[in-house]
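Shared between the two complexes below is chain A, which pairs with chain B and chain C, respectively.
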Partner chain A sequence: QQVSVEVLEHLEHLALVDFRDAEGVRRLQKAIQFADQLHEVNTEGVEPMDSVLEDRCLYLREDDVTEGNCTKELLENAREKVEEYFVAPPGNIPLPKLEERETFLQGS
Partner chain B sequence: AALKDGLRSQVSAALKEGRVTPTELCQQCLARIKSTKFLNAYITVAEETALKQAEESEERYKRGQPLGILDGIPIAVKDNFNTAGIETTCASNMLKGYISPYNATVVQKLLDRGAVLLGKTNLDEFAMGSGSTDGVFGPVRNPWSYSKQYKEKSVSKSHSEDEESNWVNLGGSSGGSAAAVSSFTCFAALGSDTGGSTRNPAAHCGVVGLKPTYGLISRHGLIPLVNSMDVPGILTRCVDDAAVLLGSLAGHDPKDSTTIQDEFKPFGLPDLTGVSKLSIGIPKEYHAPGLSSEIVALWSKAADLFKNAGAKVVEVSLPHTRYSIVCYHVLCTAEVASNMARFDGLEYGHRSDMKDSTESMYAATRREGFNDVVRGRILSGNYFLLKQNYEKYFVKAQKVRRLIADDFVKVFRSGVDVLLTPTTLSDAAPYMEFIQEDNRTRSAQDDLLTQAANMAGLPAISVPTALSERGLPVGLQFIGRSFQEKQLLTVAKWFEKQVQFPVIQLEEVKRHDNGVFQHQKSASFS
Partner chain C sequence: LAPWIPVVGLEIHAQISSKSKLFSGSQVQFAAPPNSLVSFFDASLPGTLPVLNRRCVEAAVMTGLALNCSINKKSLFDRKHYFYADLPAGYQITQQRVPIAVNGSLSYSLCIDNKMSHMVTKTVRIKQIQLEQDSGKSLHDDSRCQTLVDLNRAGVGLMEVVMEPDMCCGEEAAAAVRELQLILQTLGSSQAVMAEGQLRVDANVSVHHPGEPYGVRTEVKNINSIRFLAKAIDYEIQRQIEELENGGTILNETRAFDSKLGCTVPMRDKEGKQDYRFMPEPNLPPLILYDAKSLPANMNHQQVINIDWIHERLPDLPSVKREKLVEQYGILPEHSFTLLNEDGLADFFESVVKQTQMKPKKVIGWILNDLLSYLKQHSLTVKESPVSSFLLADLLNLLEKKEISSTAAKQVLAELWKGEGKTPLEIVKEQKLELLQDQKELEQICQAVIDGQENE
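Up next is the complex of A and B:
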């Protein structure tokens, strides 16, 4: 069962990483095939397990400010900033459609 | 000079008595790191800060006020733990040049106890892999490639070029940490363990690799792979040292709400005089396809060892074992897809020059920053999380996870104290052979015996057992009950004493230093 180009493109969009080449797509196909083995297991009446610590309560601390004021340190690692802001390119611009993008998937 | 080859406990005594100073020890270790550079175990060597820490330690010893048993002890940390002021790369282009603004809790705890941080060790990119081969700084070499024990056994084609490419792999992903401990550059190292990443290279390098119970040690500052399975791992040369490290690191951390709130009391390990009260379980499904006959024999011999010493040794069944790798594959990629989303170039790490839009900048940054393995897992993970696949794959895997965890519960409830299994399918492969298979295939093969413990959150330890026919280390694994590290380590210590695993005889390094290697040649195991 081949994964359709629509799904592949959708994945590239969701993940914001690209398949880059046929090998990338093959890798996904193999991964899905591998995962399909799960369906051999009978999980009738079994609850999904989120965490091995499900029988315990997560620790909640008091809502007191105990640290912070580290703007300078946090900004140090950003490449583009202005005063105390991280600078991003314009948002709300969708990624170009498949036809317009430079992606390997165009060939398929 | 011989001291750096000795056990940490001997070194601690020497430091206390003034027979060696922390700065001498630090300098020796730094020199050793330089002379073993070909192993590629370290990504960053923090020479200046290490020497400074050593000097401060020395002051404390002079005043007669050492902070404890770890004061002045050189350690190494896997490069996926945040270390303030020191580059943390996760062996990825995405974080090259990233200087952490904070220390991971476990790093802070070690520093607070006076440990000397020598540097950051090499790994597979973002800890994804079981070979320590897929990071941007290149593969880590198994120190045993250069050991007398291995060289004696290998049919050597004595061309020096062959020797250059004939080195042996050491598993992963915490290969750098394992190599660092194994080659005597440090006394202990931190690794991480999500599917076996600490135990696997430990077994291949002949060192102790401990995976603590999930929730015992803080993950704050450990760059996450799979939040529900990751744990910091401990690599040392002996089980006692692992207990000491554990004692310094375990306990609730308000900064990591997945750490349990129970009080943790550090413990020393008793010397078991007998094992007649012990029940050892041998899970039959761990006799997996691909398990080398050599390891089967060692496993069997180990079981007999316990039996002859009076322990109750029983075969048990963990029926869902063979699905744990598949389950892991789905859950891991799903959590990875989520965890890797934070790398977008905006606040830290690599940033692409692309400026057209936020999304295109993110996409370009991630294309430039991640290697194929990471990208592959992100894409697979996103696939399994798609609306149309969520129930079929992700939730299904979570259900299978419960079945795997329940298998262990049933076995431990039946009276078994500790499980004994192999850690790896065989001894380490030559690098050229190892890279014949791709990362995912390798991971699936190599994580088989270690992964289920992460699924169930159980503590597990790999103990060096014997040398293989090829002169390479083989380890066996003990899996214990949740939060019963004391029992687990006590059994491991007893076993370690019985097998008397040989000390690595590193020839290349020997030339550069005038240390005397301690040989332990009593009742050898194989």
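Up next is the complex of A and C:
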């Protein structure tokens, strides 16, 4: 089963990944095929497990202030800053539509 | 023309009142230097992990119980993915699959025809309450084409209260939110001050004809007060009706309320339907809560949350407080509403009643008609009142003992309001407002008046 161009475009838009070329898409297909092996197991009547931690105890922390106050350290990582604020572009810059991009997906 | 049925559902985010954040130990505080209340986890630096704050869980359980919900003894955390500069991780930790509380209800009261004497009780169903992280704050600097990001709020605990679309207009929504606000403040689980962003309300609005399926709904955001909530909803209902009657269609979009223009406008950055790619939060095991029956024997107390223990310690909710006020003092139900609607007014009233011989049924008039209107005129809170409960009780005692008339009492109150430190008795003496009790003196005055008339 092939992954359609619509799904690929949707994924690129959503996750901001770049499949780059046909090889990238093939790798995705292989990953899906690999995961599909899970369907070979009969799980009828079995509760789905969603975490290997499911039988662990969730640790509860006391409500005390123990961290913060490290503005300088945090801002060291910022490329741009203005008076202790991080600087970001104005709002999200959406990925251009398929027709407007130079991507190999167009040819598919 | 066929009638329209408006349908209104609310999504309410209440900031949890706690010292530290939901999954980290940085402080929760409104208005602090930018990025000073941010831990490495809040900034989403690699290698950090979420650690759940016990107080936040208790706040959610209290709120769930107060709203008649079933508390899920096992609830799960999930990641909700979307990109935005104030969400450094690229996802929000929330409870999408199994939230902490479900299937509750909230009762609220409405005045019919704006008459407080005609109140009806309505109920809105609570679909669920979930714990989730707040995002940071974005300050848009359009002139320099940039956004400034402050992560102080990122990671603060929120309770999202999802209401079923059981309401039909702005007035109902406003009344429901007001009651929820009072409940949260009574519980202490959230201070719920809308102006400080501790209570944020989004409204989902649609209209349809009776017997037909629900119409397309729009989401209205950016509502900063309960008054604007009612306005925004009523505007949106009207806009949708007009649009449809003119042959147009309603887009499933997100709109912002513009308080200056009193209308809703489409929001930028909200293109189309979002796919949040929910997945279980891999770093957090399920949250297990206990009750008296299921309490584990050998666990550290600090690690155990007992729903029954919390239930036993819930304070009286506003509805119960109102009933008690009516029963104890013989005041009217609508009086109890007004008393609870002003912060500190109920306590003030009870304090005056304790210090005076005047019957509560008479005291309430002085509290609601005189004191409250003074406070409103001068935009003061009860706490800021220049007239203390002691002074007011003192004044009412003079009235009760018939040492002054009711008209004189109002004059004295006006003088007390100036807050010059005089006692009621001093003012009465100063302005010679004492009622004459001496029979002989009264006779002499009346006689003098009659004599005066005879001479004309």
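As a convention for this text, the second predicted complex is superposed on the first by the 103 of 108 C-alpha atoms of A that agree within 3 Å, B and C clash if a C-alpha of one lies under 4 Å from a C-alpha of the other, contacts with A are read in each partner's own complex, and residues count from 1 in each chain.
The rule we apply is simple: contacts are C-beta pairs under 8 Å (C-beta built on N, C-alpha and C of every residue); 3 or more make two chains touch, one makes a residue touch a chain.
Worth saying up front: this structure is predicted, and the values here are computed from it rather than measured.
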Partner chain(s) touched by A:E47 [first = chain B, second = chain C, both, neither]: first
Chain B versus chain C as contact partner of A:L74, first or second or both or neither: both
Chain B versus chain C as contact partner of A:V82, first or second or both or neither: second
Touched partner set for A:I32, first chain B, second chain C, both or neither: first
Partner chain(s) touched by A:D18 [first = chain B, second = chain C, both, neither]: first
If touched residues of chain A are counted for chain B and for chain C, the larger one: B
Chain B versus chain C as contact partner of A:V65, first or second or both or neither: second
Partner chain(s) touched by A:P94 [first = chain B, second = chain C, both, neither]: both
Intersection of chain A interface sets (partners chain B, chain C): 10, 14-16, 50-51, 53, 56, 58-61, 70, 74, 77, 86, 88-91, 94
Of chain A, residues touching chain B in the complex: 3, 7, 10-12, 14-20, 23-24, 27-28, 30-32, 34-35, 37-41, 43, 46-53, 56, 58-61, 70, 73-74, 76-80, 86, 88-91, 93-96
Chain C residues touching chain A - in the complex, by the definition given at the top: 18-20, 24-27, 33-40, 43, 45, 51-57, 76, 81, 83-85, 138-142, 145-151, 268-269, 271, 275, 277, 280, 282-288, 302-303, 305
List of chain A residues in touch with chain C within their complex: 10, 14-16, 50-51, 53-71, 74-75, 77, 82-92, 94
Partner chain A, residues of chain B touching it in the complex: 98-99, 101, 214-215, 228, 252, 254, 257-261, 320, 323, 326-327, 329-330, 333, 337, 344-349, 351, 354-363, 366-367, 370, 372, 375-376, 378-380, 382-384, 386, 392-393, 395-403, 405, 438, 440, 444, 456-457, 482
